[in-house]
Structure formats: structure tokens, C-alpha cells
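Structure first, commentary second.
We just call them A, B and C in the order they show up, numbering each chain from 1.
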Amino acid sequence: MVRVSMSEPKVWKTFVSSVTALIEEAAFVFSPEGVRMKAMDPSKISLVEFELSPKAFDEFNVKEKTVVGIKLTEFERALSRMKSKDQLILDVDTEKNRLNLVFKGASTRRLGIPLLSMEEEELPEPKLSFAAKVVVRAEVLKDGLKDAEMIAENVRLSADKKSFSLTAESDRGSSELVLSTGDEGLISLEVSEPATAIYSVRYLKDMTSGASASDNITLKFSTDLPLEIDFNVENGKFRYLLAPRVEA
Amino acid sequence: MVRVSMSEPKVWKTFVSSVTALIEEAAFVFSPEGVRMKAMDPSKISLVEFELSPKAFDEFNVKEKTVVGIKLTEFERALSRMKSKDQLILDVDTEKNRLNLVFKGASTRRLGIPLLSMEEEELPEPKLSFAAKVVVRAEVLKDGLKDAEMIAENVRLSADKKSFSLTAESDRGSSELVLSTGDEGLISLEVSEPATAIYSVRYLKDMTSGASASDNITLKFSTDLPLEIDFNVENGKFRYLLAPRVEA
Amino acid sequence: MVRVSMSEPKVWKTFVSSVTALIEEAAFVFSPEGVRMKAMDPSKISLVEFELSPKAFDEFNVKEKTVVGIKLTEFERALSRMKSKDQLILDVDTEKNRLNLVFKGASTRRLGIPLLSMEEEELPEPKLSFAAKVVVRAEVLKDGLKDAEMIAENVRLSADKKSFSLTAESDRGSSELVLSTGDEGLISLEVSEPATAIYSVRYLKDMTSGASASDNITLKFSTDLPLEIDFNVENGKFRYLLAPRVEA
């Protein structure tokens, strides 16, 4: 039996929106320890991970591990019907094979979406050590990515002991975001050796879309190796891995 | 001669917008008793009725009954040019065969739209008695309809002595709005015998679009019979009849 | 060397947006006297002129006349990335053949767009004297143009000693804006002899789009001759000439 309730359900909406572009179907694992979701996109370029502790819920009725398979576009569409002050109840109806979303506000509304038969995926977790660890304000990173998007499909991330930069270059022009130690937008910078690698702008945009403007985002990367993106929300955690692009 | 003026013309705009999707051309009947419009949509599924008393106007210069035929999309487009603080004057120019909309604000602007040659329609008024009469807050009803729209084209309305519900069901999932006696969104519920019927979501959305969030909407229906929708605005009245859908 | 900086860069954004629809490429001339741009649209129907004094800049480092050729859609797209509180630095990089836009705010971001090889155009300046000079509030003029746009592609401007009007007529209906002496939206009216001429609504809309609602716009015209449109912004000037349309 799974029946959980949240009076601050924004984190769900945010997470689902941020992964809809990456993954089609997701297996949310509800267990007495909380909710987690971990998946790779079909092209195996990225890994997405989401965790929410039972503390994020007002009521958390989960007796045993239950895998809830959902088509993400349908989950997103249903969540979009939630009003800002609504309480959200998620209720798995195994009989009708549905996930019910109950919105409690001035009225009580219920939306049911079909459950997919899915198993929890066992995903290989690459062992990675990173040459650079950079913590930046989400707003600044997002602006840099939007700039880069105008110029090219890929963006170069670089870090040395003094600064972190995000640059794009094409015949359409160039874009550059530089954050140096002491800058307001750069929270911390730990670099064991200079690192530089290229990643997809679109994936980076999707992966950071769940963070609010004032959140801090941690980026870890090494030259030509995968990037890890992390950020925390209250009682929850977002984590992404993204493979580098190789220059043509 | 028809020349009327309103300093709160929002009701016109609202009404015209709400019926544009249902009816193409409308015959507004101006008379010393006020303005009324009554029409059926081309497929005869719905009947639309609108009445506005002379009190809704600052100036109401209507000497004799005059039928003003207008293409509603043109009326809507012209009304969309009105600014929020403008005074609206409607002026029938029989010589040039035009309805003039004069907007008085920081400037005086005039838009003229062609008059159509139309007669007032004699519409059969079905004698209906209703098993259920439900008064709901507009906002709540509209939310329920938007939920249903995601799921199906038709929605089932049901009422018994204790509750009113609006449900949709398809392979895309389900949606349900339940209002029980005592709920904030349910103003009153009078049910002589349980009633349930299916109606088009799109028509219901159009018919309730003229009501503001805080307005009360009256729904009257019986099992598998037409639905009547009513709501009042200051010095005016909206009324709709909608044929039921029969389940396949 | 050209390197200029503005803490109120809105005027650039406004100007570039207002001419993007008219002109594809523009040669901005930076000189110690300020910045100017003057161009005709490809069909030679309109002339566009823009001037900005060095006072509009916090820093104005221009040693000698430099022609900066830019594709306007690219300039507009880059300026759209500027945030409302950003300081804007424009920096011509002759080596990389780029105009750099540097946005300084919570972070420092740089966008580079390709320079085009362009010369300052020598444009014939028609000698014009005008029968009517009308100063109107921008907001009112813009409303009149939007009304006219619904009705026809062209609009008739007329002025006599007592009033200025803007009228459109087609089988879709009619629109009319009349401003008489004393009206709030009419700042001044000087008419040596009655004037009337027809101009393109779309061009007029583009040419006035750079003016804020409360700005005053000066219109000068004579019967069936070109129209001049002028308005000032702080430390700058917009000017347009537009050829009349001849009635079919």
C-alpha cells in the first residue's frame, strides 16, 4: 500500500518537469526509507537520480517496497493541474492499475494515470573521481547556458585554481561566462588539476531546470570525462551524470 | 435609433467571448426593455441566452425594437481593442450598415463592423423539469472541467442527495471532482432523485467561460436529459441549454 | 578602438528591436561625437535614423570614426540575453572580427557576434517641407494603429487646423482615431494647409515601437508625400521617413 501526502508538493512538479525531456518512462521506488528514482536516457548519455526522504511528506504510508512505473509526460500533465495551494496526495490503486493524484484545496479533485509494469533498474554506477568541483549559483549557470544555446549545441566547461568558465563558439558567434574566486555567483572552487570538457547544452539545461534561481549547484568534472551535477532541495536530492561530447 | 453607453463594459466582452466558439452569427435584440440575444449553435446541441437590463448602461437610447446582426468573431476582435478603463458606446449606423464601437479614454477611437441582415429567431423552448439543481463556485467547476479535458471529450455529471460529481474516464486515465454538502465549493444541492448524464467538455467549458472565479453557477439536469446552466452578472443574465451525449 | 559602457542600456535594445523588422543589416558609426545609424530598407520605402550622444554612456572610449556592421537579428537576439539590471559594455574586437556584448551583473557574461564588412551609406536626404506637424502621445497613436491593423494594411492620416485623424476602411469594417485640440492625447497641432495621405500600417507600427507609452511622437506630413516620424529619448534621437502609398 502506497499513500503519501504533501502540503509542499512543488518539488515533485519540479523534478518531473526537469526529467520529462530526458526520460520517457520512470520507475519510482517507494519504500519505508523514502522515494527514489534512477534512470538512464535511451541514448545512455545521461543518468538521472532523485531521492526524497519521508520527512518531505506530511503523511507517508508505505509498508513495503513498491515500484511505480509512470509515463513522465502523463505525470507532468496531471501535476500541471495542481493549484499552488493544493495539498497533493499520491495513492497507488493496484486494483484499477492507476496512480491517483488527489488535489485538496477549495475542492477535492482526483486524476488517475495508468501504471506501467516496470522493474527497478539495476544501473551500473561508474566509479568517477573528479579533477574539478565547482559550486555555482543556479541563476548564473542558467544564464550562461541560455547564452550558449544561442551560439552552439555544445558548451565547454573549464576550471583551474582561479576560475570556472563556460564557453561556446561557432560561426554564429561566441559566448562566455567566467566566474573567478570572489565573484558573487561562485560559491566554491576546488581544482586538483585544470579540467576542460564539452557537454550538450540541451542536457545541461534540462538537468539544471529543477534548481531554483537561488539554489547552489555542484558541478564535478575532469578533462573529457563525465560531468556530475548535484543539488539539494529540502529533504531531497537531485543528481545527474552526463557523458562528455568529443570534438569533431 | 440605437445608441447605448457603458462605463463597465466588461460584461459584453465576456459574453461575446464565451459564445464565439458556439455560434457564428448572433442577432442582438435592442429594445426599451434592454438587450437580449438567444441562439442555437448550428448543430442544435446548445442554446445560448443573454439578457442585459437598461440599468447596466449609463445611457440607453433605444426607441424601438432593433435587431442587430453581427458576426461574433468580428465583434470579439473589435471588443479586444477596448482598454480596461475605456467607456464603450455602441451605435448602430443604419446608413452605412455598421455597428460602431466607440472607445472613450485618453483618446476617442471608433471601430465599425458590418451589420448582418438578420431576424430575431423564434426558438422552441423545451419544457424541462430537473431532478437535480446544483449551485457551485465557478472556479471549482472550471478546474474540474480542465481536469476532465485532459482525459476525455465527455464528462459525466452525477448528483444525489449528498454530493455532486464530475467524472471522466478513458484509457488516458480518469478524473474526478466530488463536492459534498458542507464543501466550500458547493453552495447548494437540491436533488429530488439521483441524476446522471454525459455532456461535452468543450461546450461546458465555453458555457462557463463567462463566469468569474467567484461567481456561482447553477447547474440543472436529469438523467440523460439536457443540462441548463445559469449565472447572473450585475444587471444581466447568462443561460445555456446543452443536449446530453449518449454513451456509445 | 571602440569600447563603450552603459548602465541604462534599454535604449539600444529598444532601437534594435524597432528596426529589425525594417532593415536586415546596419552600419553603426561610432565617433567621438557619439553613435549614429542611418539606413534605408531594401524596398526604399523607409529611412531609419538613430543618434545617441556620448552622454548616454558611462564610459565612451572611441578614438576615431569606426563603422560597425551588424546583422540586426543577431544583435537583437544577443541583447535579449541582457538582464534588466545588467550593465552593457560594447567592445569591438577587430582581431576576431566581432562585436562583444558584455553583461555585468551577478556574473560577467560575454556574447560575441560577427562583424559585417560595411561602409557608412551616403543616403540622399530628400528636401521636404510639411503642411502638418502633429505631436501625439505615443500610447494613443499606437492604439489607433492597432485598431487600423484589424481593418486594413494601409491607414489614412489627415490633419486640419482643428484635428488630426487616423482612419482605415475596408469591407472588414472601419476604424477611426480622432484627436481634436484640447484632447489629452494631442500635444500640439500646427497645420499650414489641410493634409491627407496613406501609409503602411505595418511600417508605422514598427517605427513607433521604440517609443514608450508616455513619450511624445512628432508626425510631419503633407498630402500624398512622405511622412517624418521623430521622437527623442534621453541623450538620443529616433527619426524615420516613410513613403506614402497611392490609392489603387
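Observations, loosely collected:
As a convention for this text, a residue touches a chain if its C-beta (ideal position, glycine included) is under 8 Å from a C-beta of that chain, and two chains touch if they have at least 3 such contacts.
What you see is a predicted model; the values in this text were computed from it and never measured.
If each chain is drawn as a node and touching chains are joined, the picture has every node linked to every other. Of all residue numbers used at the contact between chain A and chain B, under half are used by both chains, marking a mostly different-residue interface. For this pair, chain A with chain B, the centres built from the Cα atoms lie 44 Å apart. Within chain A, not a single residue touches two or more of the remaining chains.
Of all residues in chain B, those touching chain A in their complex are 137, 139-140, 143-144, 146-147, 150-151, 171-179, 183-185. Those residues of chain B whose C-beta lies close enough to touch chain C in the complex are 74, 77-78, 81, 83, 98, 106-114.
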